[in-house]
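Would you mind keeping the following structure in view while I ask a few things?
Should a chain be cited, it is by its letter among A, B, C, D and E, assigned in written order, with residues numbered from 1 in that chain.
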Amino acid sequence: MAPRTHSTVPLGQKIELWLPRFVVSPLFALSLFFVYGFILWTVYISFTKSGVMPNYSFEGLSQYERLWATPRLYVALGNMFVFSALFIGISLAIGIFLAILLDQRVRIEGVIRTIYLYPMALSFIVTGTVWKWILNPGLGIQNFVRKAGFEEFTFDWLVNSDYAIYTIVIAAVWQSSGYAMALFLAGLRSVDDEILKAAAIDGAGSFRTYFSVVLPIMRPVFLSTVIILAHLAIKSFDLVIALTGGGPGYATAMPATFMYSFAFQRSELGVAAASAVMMLATVIAIVVPYLYSELRGTKQ
Amino acid sequence: GAEGTVEVLHWWTSGGEAKAVGELKDAFEAQDGTWIDSPIAGGGGDAAMTALRARVIAGNPPTAVQLKGPGIQEWAREGVLNSVDAVAQSENWDAVLPPVLADIMKYEGAYVAAPVNIHRVDWMWANPKALEAAGVTQMPTTWDEFNAAADKLMAVGIVPLAHGGQPWQDATVFEDVVLGIGGADLFRKALVELDQDALQSDMMIAAFDQLRKMRGYVDDNFSGRDWNLATGMVMRGEAGFQIMGDWAKGEFLAAGKVPGVDFLCAPTPGNGFVLNSDSFTFFQVEGEENIAGQQVLAGLIMSPEFQETFNLAKGSIPARTDVSLESFDACALRSHEDLLAAIENDALVPSMAHEMAIPRSIRGEFIDLVTNFFNSDMSSEEAVQSLAAAVARAQ
Amino acid sequence: MSRNNLGGIVQQKGTRHLMMRTLLFLTLGVFCLYYLIPLIVMIATSLKSLEEIRAGSLLSLPQDVTFDAWAKAWSSACVGVRCDGLKPFFWNSVAMVVPAVTISTILGALNGYALTKWRFPGADIIFALILFGAFIPFQVILLPMARTLGVLGLAGTIPGLVLVHVIYGLAFTTLFFRNFFIGVSSGIIQAAQIDGAGFFGIFFRIVLPMSLPAVVVTVIWQYTQICNDFLFGIAFTVGDSNPVTVALNNVVNTSTGVKEYNVDMAAAIIAALPTLAVYVIAGAYFVRGLSAGAVKG
Amino acid sequence: MSDIRLEMVKKNFGATEVIKGIDLAIDPGEFVVLVGPSGCGKSTLLNLIAGLETITEGNIYIGGKRVNDTPPRDRNIAMVFQSYALYPTKTVRNNITFGMVSRGIPKADQDAAVAEISTLLQIERLLSRKPGQLSGGQRQRVAMGRALVRKPDVFLFDEPLSNLDAKLRIEMRTEIKKLHQRLGKTIVYVTHDQIEAMTLASRIAVMDNGHIRQFADPKTIYEDPVDLFVAGFMGSPPMNMMPGKIRTLGGQCVVSTGGPEDEPLDFLLPPALSERACGQEGRDVILGLRPEAIFAAGTELPGANRFIFERPISVVEPTGPDTMILFHHAGLDVVARVRPEDARPEGTLFMFEADMEKAKLFDAKTTLRI
Amino acid sequence: MSDIRLEMVKKNFGATEVIKGIDLAIDPGEFVVLVGPSGCGKSTLLNLIAGLETITEGNIYIGGKRVNDTPPRDRNIAMVFQSYALYPTKTVRNNITFGMVSRGIPKADQDAAVAEISTLLQIERLLSRKPGQLSGGQRQRVAMGRALVRKPDVFLFDEPLSNLDAKLRIEMRTEIKKLHQRLGKTIVYVTHDQIEAMTLASRIAVMDNGHIRQFADPKTIYEDPVDLFVAGFMGSPPMNMMPGKIRTLGGQCVVSTGGPEDEPLDFLLPPALSERACGQEGRDVILGLRPEAIFAAGTELPGANRFIFERPISVVEPTGPDTMILFHHAGLDVVARVRPEDARPEGTLFMFEADMEKAKLFDAKTTLRI
């Protein structure tokens, strides 16, 4: 609702009309400065010869040239796509699935919910170590299954350059799918009962009720969850560092680790900035169309 | 306090390391100074470096930072360091530090940092029982001997080389191999001076060949393993050797193992000494109190008493070559002897893997390549080519 | 609250029903296992002595249970030169997390509310722009933020850190609330307008109480993010004002020292306890029926 | 087409008893209208039949089968919810077809059914809208459409026409009636509309506070209510209930109403009533006279047992076809229905004529009909 | 107490024109009832007056002040929403007091007001419940309570009694009327209930498809509808509208209805009508006769201008006080209202009597009243 303004409106009412905008604008301004301002700064830095510290003399595209000559970049970008797709997909699926299961009048819901959620509370510096043990063929699952009598069993993804990225997916899903579940559960709980009753009368089984009645209503929740998971995927840093350290080799490098290592390990702020710009561009290319369609879709 | 205030940013946060810094703090506070501790562990100092950058940019740098190698020069070039040359001159640091190390501590001829210790990187650790079981009678002194011993170990089902597949560990092994194969000269030319010819020389190819061989001596599950777990393998006799700096000794000692009996220490092949040293670098702080503290701290770090207590706690040897080593263990004594010999023979080289030799950006290229080589089936020739190209690019 | 409304729908009884329930609990149980295994490993490890860890398989159950590691992690593990365990750092975390979560949640809720229930031209674009902040890599903002904090005189202080968390949490909190409020009937807002309530009155008295589940997920998210943040913690605080994650990190990470896995595990669990407490407490508000009976049609 | 049988059904919400033991047997193909005051438990009863609430005690049988534990989808019921409960994200078309989709009805049949039902409900042009873009009455029609489009065994309607205009409501009512005649399905229908109840029902169940007071055909309910409650509830405006005493006056049995303050009226009872009521001199009774049984004297054809009296008019309410004239008596406002042209201004002394043939008599204590 | 004035008000939802230019002047203290078919824009019009929707074009004045840009809270209006729009997390009590709390009314006054209003609405025992625990009618009463408890300048009611039972509805209607008389506030009231409209309104506005067709007092609307739409809309059952032709038959003016298939009827026009309509032989007209103007022959007192005819009964619908008898004629079902005792079974040939004094005549093309 945005009534048109008119010069004869008393001041108090005018404030009232503008209040929503007054509320949003400082936050919007903050975001402009702290997000977009800093992005601009980064874009500029990517055109300079910044090393250990920012340096503001313009250098042209040289950092990008270096960047594009770095094989690790392509590994990192490729990993980001594989990882994000799997991680977001699996977490969404598990999240929805568990939320629906928990919604079936489970008496000990509180306990189970906390169990599903707790991995997020643990710092990955430590849980990464544990996962490393569990996934290590000599120590963990493989060893365990072999001892149980299946000598041929192999599960060595962690130490296999081609599969190590999937172990990161396993651990990441472990950590975050519980939260996806919580988001969906909260969404489920705000769907009006009457509608569920109507669906029951309409002869829809639980499956159909959830998938064609409840989940469409929860479309905004999907948006939230996807954004959250995408954020986690793109920024997954601790996870990679703790679990594989980017290895074997740099087989599990990700943009976040790439950027971090150039910015802070190698003191090459310029290259790091260039990679950040590239990553943002990639994200824009994917997220903007999605947001556009979502925001249009939820307007009504 | 009367003797000033220091804020020290370091990543010695846990166990023995923290105790070691604690010694410095105690010594400083004994002089009525105020010590503000800013410990930031993680990534072998990466996290601390991140914080350091933020602090410097925000305009409140710490007084002293655990910062080493060419990094010191890099920061110095940004004009954010303070000189402690006055203290250094009056205490005559030049005379007691190995020249290679002293150069690293200076920017434009003036000391801006003080070393606290010397770690030797080219150590090889072994389990005598395992060696015995395989019929290896003595520690190898060339890589060929090492290969022979490894083959024997393999034959009796013992993992020849305990290794953790993390880039810095790969690089550690690599530089030790380079030292063993090409000697201090090649090491210096290729890994320190970054000479393109040296980098593409046959010796480098040979070094990569040896590295490839060693990849075969590592068990299947090495990837991502922490170094201490690899040490544990040696300790338990599951593996024969481990190539790792002298901090591995701390792990043996903590488990109650006795050098020479339960485990053996010997330098890796090659008559050199790969130097790793931790140091504190002094940043440009303001305020009399802080500057005073900075000067006091510099003196303290270099004092023989501190160097002794600190290194006893840390497991390394003093950076000063004139400190008495009576209370140190056998491995440390060996280290000290070799150090003096290496200085003599000009065989003392700064570690590339441990950020003593080259800027971080170039080290990054080395590590990327080495670790990639170690984890793929890249040929040695190819490795040498790519390495040279990457180094050229990063320079 | 009519939590039982839905519970009213008659469900199949008999064997089929029993089978489905069994299957349900089985599935829930399997997932519990998936989530719990790492925790079990952690607890088992934390109860071992260091000798046992060195000697044996890392994943076996402890032979001699000892709580030394816990005691050490709590009160005597070294975190830099201080060897008082994690204990002293909890307060720092609380001092930071409570204001940061509260402020960012309230602002996010206000934002979401203004953007959905008081739609003005461009609201969606503003939302999209704010939302995009969720994707900015933290590495990018670290240095300019440090400079900004330096200029503001907030460098190295807890208020500075709170500010940072609030700013970069807003994208998320706004997202959660905006997407929740989309589903709240506008009729209720209209009724409140007629009742003479203003922008804030409606927000605090009507809209916020209806959005408990959204508040819960937001608080959980923000709390976790802020509590587990490490990068901002090290970059924007100094020494004794470090949050507990930084301390935990300092306990756990060692480059050349002896690794005490048992203490690490205990410390990690201890550091997570406040967050877990929040999950349990907040979890109680995952209720149904907050919008029951609101509107017809 | 199924019969529905309720056996001592009870329902509590927490501590609140809502349905307090209902026995009800509905024949197959019957059209039962449920009426009762707001909050008496009508919707709850429908929910119990539909399986949307579990019953606390008792049994429900549909088509002879005990369905206490049968979930709603297996009861083959269609229902119109009082609160509509439309699916907010689905278009009107999909709201209507959802039940068919769930039951796997072929697309072509669905389309045909939607086309038919949307014409009937006059919502053809709204098919692609979402519920949020509809008016109240349009939503209600969609809710109707959702139920009508299916061919279940039982229809449950919860005030399905309350938000429609009179004209549309009559059309819909007629359509429902036709549908019932055509399909012969069992229908349970809640309404507050007198005419709907009277015209649609094969039997009416009058509920009060969780009980059923009377279950009978409309004519019986209207003309032979078992007690004061039913008599007072059915009829709009409701029956005038004047407290009085049985008297014998000049050998004739009368009910004497009106207090000491108010000039009493002695309503002469017709033979049928006097037979039952008289002989108990002074008995406290309540005389029930529906508004249409009191009219302007001399405006209807003369008949037997008329009682004529005069009272000042207190209120005049024209309703269109008729005009209601109120006068004070016996502590209440008695309503008389007159032709508009017979109305006089308020305050005028007016001659009323009561058709005592239509009078009902109730015991003042038990409230039961005499 | 304020007047409300609408000047060429239009409202579009996207491409849908909903209000198509309405001019309306409501006097201070007036009670205006808005009626019209479902979806014609009544609720939208209330929303515009309340300020809940922005008007697309035109002006609205309340109390002489242009309020186009005044937010709802400053218009001092109370409103009952068709969809109730209760606050789900608040108890009934707090739902009711919220408006007072917002306006800072002292606690004691609030309590008194709640006590009064809850007694009036018979919801005293529900005060601590949440809306989710109420029946439909109870919710509607809470929605009413929320509006009634305040003393604003203007009340807007959107079908406030639709879900109440007949008895309660009459009580509420009376209370609203009393309230209006006591406070004298301006009221705009949407209803589909004929009787409510007729008894409450000082003027009725009949809306159709975004326009106002007629705005006049109830009697005029009922007896002098301007066109077919208004005539057909008001009245329940609605007026019978038989298409026919003006004829002169034996020197007398008649309307001849009924087709070739169907035996025609020649309704003799009363003098008043013949004057206006006759002389245009063969003109297509529509004869409007309300159900109450057709009854069983001889059951009412004789009068002038009666027209008696015979037709077989097609449907009999007892409604309680009256019985509706339908017969086929002129392609439609004509409804006659008879006394229950005069009803005969379906199929019987029946003598009807029409009171032609009450007949209305409309032009078939313009639909305007002749």
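Everything below uses one rule, namely that a residue touches a chain if its C-beta (ideal position, glycine included) is under 8 Å from a C-beta of that chain, and two chains touch if they have at least 3 such contacts.
Please read all numbers here as calculations on a predicted model, not as lab measurements.
Colleague: Among all the other chains, which ones are in touch with both subunit A and subunit B?
Modeller: For subunit A paired with subunit B, the chains in contact with each are C, in label order.
Colleague: Show which chains lie in contact with subunit B and also with subunit C.
Modeller: Joint contacts, listed by label: A.
Colleague: Could you quickly compare A-D and A-C and let me know which has more C-beta contacts?
Modeller: A-C
Colleague: Counting in whole Å, what is the centre-to-centre distance of subunit A and subunit C, each centre being its mean C-alpha position?
Modeller: Distance between chain centres, rounded to whole Å: 15 Å.
Colleague: Cα centroid separation between subunit B and subunit E, in whole Å?
Modeller: 93
Colleague: Mind checking the centre-to-centre distance between subunit C and subunit D? Centres are C-alpha means, answer in whole Å.
Modeller: 56
Colleague: Which positions in subunit C are in touch with at least two other chains?
Modeller: Touching at least two other chains: 2, 5, 9, 142-143, 145, 198, 230, 249, 252-253, 289-292, 296-297.
Colleague: At least two other chains touched by the same residue of subunit B: list those residues.
Modeller: 42-43, 50, 53, 57, 226
Colleague: Give the residues of subunit D touching no fewer than two other chains, as numbers and ranges.
Modeller: 47, 51-52, 71-72, 82-83, 86, 133, 136, 140
Colleague: Considering the complex alone, what residue numbers of subunit D touch subunit A?
Modeller: Residue positions touching the partner: 47, 50-52, 71-73, 76-79, 81, 83, 85-90, 98-99, 101-103, 130, 132-133, 146.
Colleague: In their complex, what parts of subunit B are in touch with subunit C?
Modeller: 7, 10-19, 21-22, 25, 35-45, 47-48, 50-51, 53-55, 57-60, 119, 226, 228, 232, 235-236, 245, 247, 250-251, 254-255, 314-315
Colleague: Flag every residue of subunit D that touches subunit E in the complex, lowest number first.
Modeller: 13, 35-39, 41-44, 82-83, 133-138, 140-141, 158-159, 162-170, 192-195, 198-199, 218-219, 222, 232-238, 290-292, 298-301, 317-322, 337
Colleague: For the complex, which residues does subunit C have touching subunit A?
Modeller: 2, 5-7, 9, 24-25, 27-28, 31-32, 34-39, 41-42, 45, 57-59, 107, 110-111, 114-115, 118-121, 123-124, 126-145, 148, 167-168, 170-172, 174-176, 178-180, 182-183, 198-199, 213-214, 216-217, 220-221, 224, 227-228, 230, 245, 248-249, 252-253, 261, 264-265, 267-269, 271-272, 275-276, 279-280, 283-284, 286-292
Colleague: Touching subunit C in the complex: which residues of subunit D?
Modeller: Per the touch definition, subunit D meets subunit C at residues 47, 51-54, 68-72, 74, 82-84, 86, 131, 136, 139-140.
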